[in-house]
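In the two complexes below, chain A is the common chain; its partner is chain B in one and chain C in the other.
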Partner chain A sequence: MFRKVFVLWSILIGFTIFISIQSYTQDAPEVSAKGKEVYEHSCAHCHGIEGRGDGSAAENLLPKPRDFTRGLYKIRSTESGELPTDQDLFDIITDGMPGSSMPGWESQLKADERWEVVSYIKTFYDGFKERETPPREISLEGKIAYSAESAQIGKTLYTDLGCIECHGNVGRGDGTSAPTLTDAWNDRTWPANLAENWNFRGGTDTEDIFKRFIGGIAGSPMPAFEGDSFLHFGLSSEESKRLSEMENKDEMTPEEEEESGKLYEKMDEAVLVALDRAEGTELTPEAQKIYDDAMKVVAEKSWHLANYVKSLSPEKRPETAIGNNSLRSQYTVEELPIIEDEAWNTLEDSYYPLVGQVVIEPRQFNPTIDSVRVKSFYNDTEVAFLFTWHDRTHNIEVEENEDTGTSYEDGIAIQFPVKPPKGPTDEKPYFLWGGKKPVYVWQWKASEQDKITELTVKGVNNVTVQENQGDLNVKGEYKDGEYRLWVKRALTTDDKKDLQLEPGVFVPIAFSAWDGANGDKDIKRVMSSWYSFVLEPVPSSRRFIYPPIVALLSVGFLIGLRGFVQRRNSASDEAETEQ
Partner chain B sequence: MKRISLFTICFVIFIACWVFLQFVIGGVISKPIPNSVIGMYMALVLVAILVHVSVEDSRFKEFLRPVYETLVDDRYRVRRLVLVIVIPLLLTGFSYTNLAQKTPPPGDPRDAHPTPPLELKYKDEVIETMQKAQNPYRHYEKDDPETFRSHVENGKKVYYDNCFYCHGDHLDGQGHFAHGLQPLPANFQDPGIIPNFQEAYFFWRISKGGPGLPASGTPWNTAMPVWEDHLTQEEIWDVILFLSDYTGYKYRTFGEGH
Partner chain C sequence: MKIKLLTSLAVLLVFSLGLIVFADDHGKSDEMNKLVFPKSYSAKAVSGGGKISGVVKFEGDLPEKKKLEINKDEAVCGAEDKYDESVVVGEGKELKNTIVYLMDISTGKDFDKKAKLEMDQKGCKFTPHVQIVPVGARLTMLNSDKVNHNVHIFSSINKEVNKPQPKVRKKMPLAAVKKAEGPVEVKCDIHGWMKAWIAYVPHPYFAVTNEKGEFTLEDVPAGTYKLGYWHEACGSNIKEPVTVTVAAGGEVKQDFTLKLKK
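Now for the complex of A and B:
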């Protein structure tokens, strides 16, 4: 008995120790040969043998692999200006940076190998060795849970704090400064699209987003909201509101002048304290209090903001429209909805991820368009589609720019086979612009919003504009970083080179899109491989006829079977008695 | 205790086989098995059971006894009643769901590893017959390890300049573009890939890509590019060296059975 209890307890205690070690924030081990080996095997081709971010693969990549010699790290749990903790580095190596080419290494490197490599990359920057005190970590105290009100407060702050200038009105990364941003390494960079949080580099939890505000994203133009960069730093929410109120007046009364002057003094004081602190000066208790009060307001606002950002995106990347999830055009007896119609909101989006075209030169290694989403209705004679996709910039012509290079026109192309395959084994045309088998393409360009050019394409160098144009009704628009394109067409046309549609028959569909500001032009583009869609037939009325027949037949069969068995039994009984 | 009837035993075996295929093999051990394949195996199981019970007359009688009894014996009236209700109900439900189902999307029946052509070609130049073609740099592995390393390193460079977008940093087919491609890029960490093919086979797949797949591979809408348009022969052989060096798997060499 005693032995059993003992064993049980040891297991329990062992387990607790194991768990606590697992979750304990760890420091990296001493630098070892192992770390170097892992680094050179798994990281050096991107980050460079000497950690300068200049590995052989770096040339084509944007964002560039991190240059470890400058000590700038985007994803930290530490305050602005601080280096990351070892745990931060470990986590980012484990999880990778979505939306960039930095992969997660959880599946490939064991935890101790990841720790070794953390130690190794720290050797590239002396700042890690020289730091005497541990980095100041961001406090997550006072988290404000998500609520519609909190998100609403966040929304106001989003405008007041100037997020809008980079991230745009509704967060799609289309702010006015978006096309001009460069990072600390002088490479072009784009504000995150807050409506597609699966591409956030540092995670999608409210805490993750909160840390990005407080600590900033080092090296990127995204400001850290601490110290003087923060709107009304040092004022309480009420004081801040009052100050804006007074400043928005055409003319202030002398009392108001005085009041606002006082508030400005208060702000200056707080900013000075923050600067002192950043320089490492020991704060007096009063100064510490000023700082703490000011940061409390900053934290509160940041939680609201984080809640707002959270509200802008689906929880995760939507499921791709493939297999049972394929796009099903919905039947309606009515007139098909126009682009503005509310009826579109009744349908779910079908999500098609787009990726860089890396098959034919010139290739697009760093796509900026994530996906295209599609909805569709059809009736007895026509079909209508609504395509939407996000693009941070509205480019309608070729533009030269000294800093950012040449940009081209935006657009999209929707591709179908000229002849739908007869069965699943029938070969489809080549997914990228056709080949021996031609594809039928709707090409839309941002400069001509209400027009689609119908093409027949048999490969990159064999594009013909169809003679018969004008079978399509088209309307396009760009607003807040989103293109919407509406297309209506007859189910069948007289043109043999067009696609003919029939309910219940799956038809392959593929997409290409161009973000001119990202250098997309002609074959350089983002694209998808083949998917398929169907005009979903109205469910067959046979479903009410056949099942009852089946029921009757099966009951009949069972009764018949019993009769048969009974007859045979009595027959054999008779035979037995006769014997 | 009452003896369990032969019919019940067979029934239980049948169900157990199905559970095994559907959940154990198709869930725990590997990926879900398509229904059509399960159907085929279950048909085999059924035939096997029928053969087993019908070999001897007495066994067959014993097998059918519960069926007879249920149908006619007055002791089993309740069971009979339940079956007369349940069986038609199930069939009716089944036919209804079948008819009300959404149009099923087309499947993708394709051969991911079709038989290669007889001759290994780079563009139009014939290198060797597929059987005999060898990686010309493989022998350095023994003869001159340093030269061999430089070829592997070059292969690594080729890989990260061209392939990792799709086949992934880890060579596991999960590159950051893979989610946008159907069928998915090949996973070289899969133990069933590299060890089953010769280097020449890989040379063929890499140089000719998706468009070079023979008719038996259709519908070959894979995104695998035609690398002879971008890479030299040496670069292709080098990247082949890199794939096995990084994953630790060895290619099949000619002579090991097929």
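Now for the complex of A and C:
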């Protein structure tokens, strides 16, 4: 009896499994066993077993790991709406995505393993299987080499095309739409800071920038500026310029109405051709010519724009302020420069990368502040620092927002030991706000930009505001996505809890910064470990003092020695004579 | 004994079928908030068709009327107060912006080719809030504002659309799509509060309720159909569609009462 039931039950179960397997293989007939193995070993922790971007580590990450099931790929060499090429996927796996948690796998996976992963990832989205023709790739023809003139044209386009809405006036990702951006998964996302191109996900070359601009960044708010999306598509550069002039007037004259009307007709014609093409209609030779001519103008303008964007970042990521790049405060005999002084432009920045604080709760896994840069001057009595850092939003108070969460106040803290270590082997205080060995901290908050609070800190739960405040001159400002903070202090103070400075002594320094819009508050912050800086000793004046003194002393010594020897010799002569 | 055997078998059958159903539903919860389309549709002239009409009402406590925070281009966008449009009701809780449609019609009339297909961006708000777009037709986006907009349509079956529409571009036609899909969300990335919905449909038996919660489907060939609805905040009735039978030249009344989806 039970055997019969069991047999029937087994058949039913078998049938069920058969159906499940069938539907599975129908979805994914080309599962590469090797690719699956590599994927599940190396990728699934973040991207999930089923490629939905929901692996166990995904929760804490922003940008989120890609969900492969929607076919939305950010970094493509293909036109808008197209899937990436296999090479695109291979390159991302190989090189990783700077500024996100996606590492490059070149050293971890062999090339053929990476190709296997490419073919496996493609099984998560049917579109790869269904596509009949290869994806349309973005043409890089007609590249315009960088020149100041080209970048200048690009700058005008940057405004006209609306780039500033998200990327801000000078490209620091601080546009007025930046705080409310979300992606196709309704996760919060930030516009790229174009002044820090080492965080560009898809590379820093002008060609990379051109491709992101023409093809858009799928799933993100960054639109594609190809084809009819481009301002005045179908017009020559001259016609477009003329139309802009007319469009920028409050009211057009009847003649201008007619002239612009003709240009609009010309644009409409080109737009319809672009739509036909997008819908897959074969273009007539005439239509193709209209399209090609229009795209030539688009490409030309886009190269100018790419050149402008390229110009917004330094040539390469600045070197971190260690070793020879350490901050060296420059001696001046003059009054120390104020924040607006152009003297600051004569100094190079020292660059301190910042990372999310992930040692204790609440942690910051998704930092938005990349770094802080520092310059410094000192004279015989005082020292002045200029700290600058990028922050896309200016937050001076707590704000509640249903969509983007609560934001807090921005700020920065500069941390020193209370006493400089006696030598390289002398232990420094704990880097995260001290411990048994206290640290001396300057804490600045965006709501009170001309004030700094001096703290003595012996660990995160042991913060004391110093009784004796007011030793510091402070001025802070925020503009176009950048904070600048100027601090001046006497080299030495009467307060025993303050750090005392003297030229030539290396002093540890560390930073914490808060981007309130990113949820930074108290211990949740971005920070650095210890670096060191020095008031660069002044060789210039002393060079003319010490050597002559040494020379004089040497000569004196030699003369003295000669006299001594002579006296001794004559004495012994006398003795001999006496004998 | 035989009864026991049969009972055990029945239990096992149900259990096994449950496994299949469960396996099929896995990861597809999103699809419960979509429309259902017939496998194929062919258009032909319809004479003596019937009519399906009715009123959709909202039941339960209305969500708090949420005023939108206008934090950008205030002069243009903030000229008048704006409210979240996910639930818009009349005085008698008549529910606007509900799609009512036939799920399983395979032949019927053709689309009205002359109908204007436009979605406006005016005062930094999309109008209409729910737009039906036939597969193969071009929707034209209008920009009636003196500010830049960015049209972002989050399609996943069709190609994602993400196109800037600067203030000088008053009309922007969009490429037709090939597949039925939706409703998909439309957003303006520049003005984060701007949201609307587009449904790409393969046949013309789709209606969107007006301020009075009314809908009408006309020229329906005589027959029995599954009648479906979709609403942004109240969800859909994919699992329990209403069956309606339309007689030639007849009129069927079918009202709906919708609650907020859980």
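The working rule: the second predicted complex is superposed on the first by the 505 of 579 C-alpha atoms of A that agree within 3 Å, B and C clash if a C-alpha of one lies under 4 Å from a C-alpha of the other, contacts with A are read in each partner's own complex, and residues count from 1 in each chain.
One rule holds for everything that comes next: a residue touches a chain if its C-beta (ideal position, glycine included) is under 8 Å from a C-beta of that chain, and two chains touch if they have at least 3 such contacts.
These numbers were taken from a predicted model, which means no experiment stands behind them.
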item: Partner chain in contact with A:424 - chain B first, chain C second, else both or neither; value: first
item: First (chain B), second (chain C), both or neither touched by A:333; value: neither
item: First, second, both or neither for A:435, with chain B first and chain C second; value: first
item: First, second, both or neither for A:70, with chain B first and chain C second; value: second
item: Which of chain B and chain C A:569 touches, first, second, both or neither; value: first
item: Comparing the two partners chain B and chain C, which touches a greater set of residues in chain A; value: B
item: Which of chain B and chain C A:225 touches, first, second, both or neither; value: second
item: In the complex, chain A residues that touch chain C; value: 1, 4-5, 8-9, 12-13, 15-16, 19-20, 23, 50, 52, 70-72, 80-81, 160-162, 165-166, 176-177, 179-182, 184, 216, 218-219, 221-225, 228-229, 231, 244, 247, 271-272, 275, 278-279, 401, 403
item: Interfacial residue positions of chain C with respect to chain A in the complex; value: 1, 5, 8-9, 12-13, 16, 19-20, 23-24, 27, 69, 71-72, 138, 148, 150, 152, 154, 156, 159-164, 166, 168-169, 172-176, 178, 189-193
item: Residue numbers on chain B that touch chain A, as the complex places them; value: 68, 71-72, 80, 83-84, 87-89, 91-93, 95-96, 99-100, 102-110, 156-157, 160-162, 164-166, 168-170, 172, 176-177, 179-182, 210-211, 215, 218-223, 225-226, 229-230
item: Complex contacts: residues of chain A adjacent to chain B; value: 42, 45-46, 55-57, 59-60, 100-101, 103, 105, 107-108, 317, 320, 322-324, 326, 328, 353-356, 358-361, 365, 421, 423-428, 430-432, 435, 504, 506, 527-532, 534, 536-537, 539-540, 542-543, 546-548, 550-551, 554-555, 558-559, 561-562, 565-566, 569
